[in-house]
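We just call them A, B, C, D, E and F in the order they show up, numbering each chain from 1.
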Amino acid sequence: MFHHVKSLQFNARVSKPDPRFANLLLEQFGGENGELAAAMQYFTQAFGAKNPHPDKYDMLMDIATEEFSHLEIVGATIQMLLKGVNGELKDAADQSEIMQVMDGNAAKESIIHAALSANPQFPIITGGGPTPRNSQGIPWCASYINSNGDLTVDLRSNLASESRAKLVYEHLMKFTDDPYIHETLSFLMTREVTHYKMFEAALDSIQPNFPPAVLAADPRYLQQAYNLSDGTVRGPWNEGEIKGMGKDFVYIENPIAYVKQTEGQTKLPDDYSKELKATEKLDKEMSAVKSEEVKKADPKGVAQWSTY
Amino acid sequence: MFHHVKSLQFNARVSKPDPRFANLLLEQFGGENGELAAAMQYFTQAFGAKNPHPDKYDMLMDIATEEFSHLEIVGATIQMLLKGVNGELKDAADQSEIMQVMDGNAAKESIIHAALSANPQFPIITGGGPTPRNSQGIPWCASYINSNGDLTVDLRSNLASESRAKLVYEHLMKFTDDPYIHETLSFLMTREVTHYKMFEAALDSIQPNFPPAVLAADPRYLQQAYNLSDGTVRGPWNEGEIKGMGKDFVYIENPIAYVKQTEGQTKLPDDYSKELKATEKLDKEMSAVKSEEVKKADPKGVAQWSTY
Amino acid sequence: MFHHVKSLQFNARVSKPDPRFANLLLEQFGGENGELAAAMQYFTQAFGAKNPHPDKYDMLMDIATEEFSHLEIVGATIQMLLKGVNGELKDAADQSEIMQVMDGNAAKESIIHAALSANPQFPIITGGGPTPRNSQGIPWCASYINSNGDLTVDLRSNLASESRAKLVYEHLMKFTDDPYIHETLSFLMTREVTHYKMFEAALDSIQPNFPPAVLAADPRYLQQAYNLSDGTVRGPWNEGEIKGMGKDFVYIENPIAYVKQTEGQTKLPDDYSKELKATEKLDKEMSAVKSEEVKKADPKGVAQWSTY
Amino acid sequence: MFHHVKSLQFNARVSKPDPRFANLLLEQFGGENGELAAAMQYFTQAFGAKNPHPDKYDMLMDIATEEFSHLEIVGATIQMLLKGVNGELKDAADQSEIMQVMDGNAAKESIIHAALSANPQFPIITGGGPTPRNSQGIPWCASYINSNGDLTVDLRSNLASESRAKLVYEHLMKFTDDPYIHETLSFLMTREVTHYKMFEAALDSIQPNFPPAVLAADPRYLQQAYNLSDGTVRGPWNEGEIKGMGKDFVYIENPIAYVKQTEGQTKLPDDYSKELKATEKLDKEMSAVKSEEVKKADPKGVAQWSTY
Amino acid sequence: MFHHVKSLQFNARVSKPDPRFANLLLEQFGGENGELAAAMQYFTQAFGAKNPHPDKYDMLMDIATEEFSHLEIVGATIQMLLKGVNGELKDAADQSEIMQVMDGNAAKESIIHAALSANPQFPIITGGGPTPRNSQGIPWCASYINSNGDLTVDLRSNLASESRAKLVYEHLMKFTDDPYIHETLSFLMTREVTHYKMFEAALDSIQPNFPPAVLAADPRYLQQAYNLSDGTVRGPWNEGEIKGMGKDFVYIENPIAYVKQTEGQTKLPDDYSKELKATEKLDKEMSAVKSEEVKKADPKGVAQWSTY
Amino acid sequence: MFHHVKSLQFNARVSKPDPRFANLLLEQFGGENGELAAAMQYFTQAFGAKNPHPDKYDMLMDIATEEFSHLEIVGATIQMLLKGVNGELKDAADQSEIMQVMDGNAAKESIIHAALSANPQFPIITGGGPTPRNSQGIPWCASYINSNGDLTVDLRSNLASESRAKLVYEHLMKFTDDPYIHETLSFLMTREVTHYKMFEAALDSIQPNFPPAVLAADPRYLQQAYNLSDGTVRGPWNEGEIKGMGKDFVYIENPIAYVKQTEGQTKLPDDYSKELKATEKLDKEMSAVKSEEVKKADPKGVAQWSTY
């Protein structure tokens, strides 16, 4: 169960209203790489982790809870950046404001004008508060999150999520000169870095963790690097050793000819039967280990989530 | 900031796996009337409420936090209802299971078959865990929530949300005979009723609260009940007193003729000038009161969300 | 079946083009609280209401039809606010206009410049007309509507919908000083108030109507108000009588301790067996009444919707 | 404004409940090619057509209104196909039904079991009624409709829409043997054919109508048919006359070489200067004609949609 | 399989950065009528066409491949229009830029200011590159494409798609005065015209192709043109011959009365039994022809897509 | 520009139709982790990479092109798995099939019955072919892809994408016993592993690549690991060295107290001024390096994408 403490995890402050930046900051409230996405991703992953991996469950719930707390920081900052909008809206009978907006004259500085320009939904729909949508009004969508029931995959999804979130905060920092907001963003950006290192350590603690999940790579199709884009640029990603796999890349200079000659890669020039057998054996072993790990953690009989 | 306690708010238990019911229960995890929708709705509304209405802010955050805790209960129940799915998936090299599925024979009882039938994403995508989508796989979407910066509106949105959530739990209860799940659903359903009463009491504590928001109804267009559907059924919704408004419904038997005669309701038979003046006055007064309420609560200078 | 009359229900007029306001007004054409959402919500609810509740069916279809007529008024107003855009677009070979736009000079007043700034889809996609999207281009989505097969729920959804629609019109009125549009918006806003009162009267005519739907609240979990947000603000929503339920709120000061002591609320301090029996009895009675109501209205044999 | 008549445009009847077919039929209620899509497409297009083309406006509104009436027929049929579901749901306290469902025994014929299998939202969310979603639960979305402010384009969109709707009805007819529903579907399918012919006649009445909109094709790039898919199949779509354009296709056997030789088609082998000049002239003429057509229809001064 | 050549199909060039136009151009990258929509539509249709209609398959794949190449041209142009944005973002520690933006002073010309104004996601999310979203940030969605397994329908969908794409390019051309971009857009616009003619020729090569798909129109409901919109405008779409059908329109002046008199069109004044029999016969013949066409092309036994 | 070769990259074969597996396989055609998502992600990332990193551009386009080729393999397999569906649909006048479906008798094996059960859109909408939607009918959506203009971020997104795609193929392989399909899936799964290694090598070739993007972590907030989930599980993710950062985790046992004591982390116990200065210096250096890298690659003057 959750508990809420009214103090924010970080002392978010705002020097003065700025609806344009409030709108940009929506990316981290309701955007695809924002705090809600992070919180819901780790929270959702945690359910499957609990029984086989209580330590990873604890870590995922810890970080999910921190991300919910960050979501609150971002929302509070947006609300403060929109200070004045709601009050103006409540003055519903007064039209003087809007006349000035229409004229585009001196009163252009008005908060409600700025809010309208930044995001038409601020004055019309949200009443001058945050909304779980991105900077272009796209509602947050659960397809932003990845939770696939395998920690060697889920933790890699998390490394990517944290990387993107870090970048977005870096970009956002260029668009405000409010020192208080800078401090808040610096805190939030850095926490993504910390989470990255936490997820990385957790992934390292699972061995082997590559290829992700259970099955090994098929030796027949692992080594080819196809020259499909009519280019000749070679690099460590298509020549030399495939790091950690004990094999080298085989560069297919002319993939169309190669496919035709091998009848769609079903008649390969080399004999892989030995390697295939080894792979099959490995797959069975890994399957036994990994499924046992989960099955033995699943209690028999009536399932109960918590003890009290 | 949030804090997480590993014990569930309610002691959720499950007698035996049931992927079909797990799928139905997704409606309350990632569905339009589910716990995530409720939690995010009240959480989002709370930001705007904090300064002018710290008491309502506390109530909204309390209930939001409880809904996050309910989301956890629902997710835990889904995970327990899918017990066995993840373990089978990890046995990646074993095909015997699926052979039986294909044959549709005795092994039909198998958990992975049941999961596949209930929701193809359970075995293919979620790895046998919950996902913030509904029973048909639609990802949760922030357009499910309403937060519009006015408590007389937001609280009414909440009364409707709680009513729908209550109904969905009632429907779900018909589709399981597991007494543990019944108990959990009875708890969750009842909490929606309690929240309803809490929101209702909060709305009553704001006076006046009708019409919602600030402006009064235009006296020229308030009373008409148009017979637009070629019917003749009369009831308290189109005849007699408009409760609490001091006026009666005026039933327009033939709206097409009425619209033509009144030139699109711009040449009404009655004189409303006096009433219009009164409405205008009322609007100005309400505007002054309501905007002042918000403005005076907005601290000058640097904004800071929390004190420590 | 529907019939269309070319005269608008209200004599919508526009003093001069204003693409920015046209864009805002899209909220009521294709937005989440707009006229299409209202029309489709009541229209969809009406199907289930027809047989058991022909009077409510008539009311729902009446109001749905009025909302379709309002949708037409809003669309017509948007079209008039964009006067000139389509004509300029047809002058496809002429680039002088755009040169001025690019230069941002005197010709800034041009309608096509204003349209582009207000909403890039006005000149590029819609050709200068309305589109069932909101002010940020989000296409109207059927998840905006709620229709759940129970009038005590559906009518409450409608009260919330009308409240939001009223608020949005109130907000929109601040952003135009065109007296004709003001008149139109005042008409449309007021109709939402009238519909609210109609739905309220219809809900009152169903007794009992609380809790929504059929089942009573579980007496074990109804009274608790949890202090989950670390606050101490008390109000009628968490102390004193739960209005109309014959019970008082029980404030749980320390919910974490309470949950642990009660083993997740399965070992409550009080004995509820008597109340539970009463609830069960009530549930059966209500079930009998409510299901009979629907079943007896369903004609046996071949179903036919209309008589002629 | 709209008016509603309680009789359906077609006497929809249903022999017996069939939730599976009810679910399929959702494609025509809330699906991408369904009646709501058609109604909203023509209705939206009509706004732009009204002033310059009052005759086409009348046709679009006529057909839109008919499609709304068809939407009602489809919704009514779905409701009748789900007869019994709502009544069972109201019997909320009774679990006997679901026990049988769980056992999968004799009672398998039960309507609520059939509804659950057909679409989990029928018993859980819609309460046994239609919903503007498709057969897989995707909410209807306004991006299904096309309205682009040019009748030579819009009418072609409509020809395609009617073709798809016709095909979907044809497919649906294979999946029911209820003679009453067959009759209804035959009516609805045929009306799509009629509308196709109406839109075709309307398009023919606009001359010239090709290329769609205003600008002529660029003579430099019109004739090429590139062999991009490594194939050698020739047909009237890549050889011989380009019907109605007074030119022939030029088949580019080796597009990669062609692009390189022509420096990305900027150094073409032929001289097009004369043709380009002719095209430019034509563009100016057409622009003048088409823009004048719209502009002269736009009344000066205050815009008013209807006369009374 | 696909192969990529680094040279663009057309030599896209850009005179100077222009983020606002980059944003408009997103409509053709990730918009509903853009190149991705076209490419994916024809690509998806091609799978079903391959066996029965290898010639149409070749054409569809040719054009799909060209559209992917156009998508690349559009993306490259957007990238060039945003030149400078990414470089500025990498200068993450420098705030001078944004100060100027905030002040709105001389430096207003800065690329990053222009990018932010054009589309907040350019600097915050995409890092100054294209994204498969439209000009308002709506992510590309597969519901934009139509592929329905019948060439007489699919090709008509394609005629509509090409018409809309042509119109969008025409609109876009008005909003740039860069001669290089004009040339690119003129190329792209013209190719849509060519594709239109190719699809038209392909549709003509299938006889009969009307009504689309297999079944004939029901003679009882084909001829009616209902006066549903209270208008009196007559035209070739509701009077005279229904072109190519050997019948005339029958104008129903008063549809409400007509529906009542005919008992929902089930008691029509004329006898259609003979025509119905003829229709039934025709349906059987067409069914035999069309299904045979597909079935005989489906090879027995193991299916293999390609030969090598 | 793209070129298409009719031979598939892998010789996809199918032993016999299987609509249920066809539906599962849609996850890799139009699902969130499928081939279209991969292809479009790398293709979109490539635009920004081209000038500063032509080698990475080549790699991204190579792999994007291979993913488009995989998309084709998956689509072809789905089409073969649905063999017979389209032919049956064309037999539009024949109802015998459906009668059997309704009866659920011997003919249950029928392909059209299987298709209907697997996915109602197969027979009703797609005509028995693939569609860019997932196994639950959700249309593919561009929000599935990540392209953020920084290779240290984008390549990490790709590592996660490949991991998920690998897992989904592993899951799919459990649900078919067709040896041909197994071979195809083994090929496709393995290619994800190869791409993973390619992206990993590319990321390694960029140094430094952590933290992602430009800015360093703020030393004040990097080390804290908060005990937010009321747990006591310690591991390498919250104790000991933060790998590669030269610092240790600092475990905050009681975050609520810590936040209060530090006034929302603005009054930290340690002095970080020296470290902050060092960070600032590092940020400036990295900014200079990274922005120069991009800027110098951006040619001055007219931009041209390709040379010929």
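Details
Here is the rule we use: a contact is a pair of C-beta atoms (placed from the backbone, for glycine too) under 8 Å apart; a residue touches a chain by one contact, two chains touch by 3 or more.
Please read all numbers here as calculations on a predicted model, not as lab measurements.
If you take chain C and chain E together, the chains in touch with both are A, D.
Touch-path distance (fewest steps) from chain B to chain E is 2.
Because chain D and chain F share one sequence, their contact can be compared position by position; here under half of the interface residue numbers appear on both sides. Annotation: the C-E interface is duplicated by A-C among the options A-B, A-C or B-C, judged by over half of the residue-numbered contact pairs being identical. Fitting chain B to chain C on CA positions gives a rotation angle of 180°, reported to the nearest 5.
In whole angstrom, the spacing between the mean C-alpha positions of chain E and chain F is 27. Note on chain placement: the centre of chain B and the centre of chain F lie 32 Å apart, centres being C-alpha means. Averaging C-alpha coordinates per chain places the centre of chain C 37 Å away from that of chain F. Rounded to whole angstrom, the centroid-to-centroid distance between chain D and chain E, based on C-alpha atoms, equals 12 Å.
Within chain A, the positions touching two or more other chains are listed as 1-9, 11-12, 32-33, 61-62, 64-65, 69, 89, 92, 94, 125, 127, 136-139, 141, 143, 148, 150, 167-168, 170, 173, 213-215, 228-229, 231, 255-256, 259-260, 263-264, 306, 308. Pairs of chains that satisfy the touch definition comprise A-B, A-C, A-E, A-F, B-C, B-D, B-F, C-D, C-E, D-E, D-F, E-F. For chain C in complex with chain B, the touching residues are 5, 7-12, 32-33, 54-55, 58-59, 61-62, 64-66, 69, 138, 141, 143-144, 146, 148, 150, 152-153, 156-157, 159-161, 163-164, 166-168, 170, 173, 183, 186-187, 189-191, 193-194, 196-202, 204-205, 210-215, 217-218, 220-229, 231-233, 235-238, 242-245, 255-256, 259-260, 263-266.
Contact residues on chain B toward chain F in their complex (touch as defined above): 1-6, 89, 92, 94-95, 97-99, 101-102, 112, 116, 119-121, 123-125, 127, 136-139, 306, 308.
Within the complex, the chain F residues that touch chain B are 23-24, 27, 31-33, 134-138, 167-168, 170-177, 228-231, 255-256, 259-260, 263-264. Partner chain F is touched in their complex by these residues of chain E: 1-9, 11-15, 30, 36, 40, 43-45, 47-48, 50, 61-62, 64-65, 68-69, 72, 75-80, 83-84, 86-94, 125-133, 139-143, 145, 147-150, 180, 213-215, 280, 283-284, 286-288, 290-291, 293-295, 298, 302-308.
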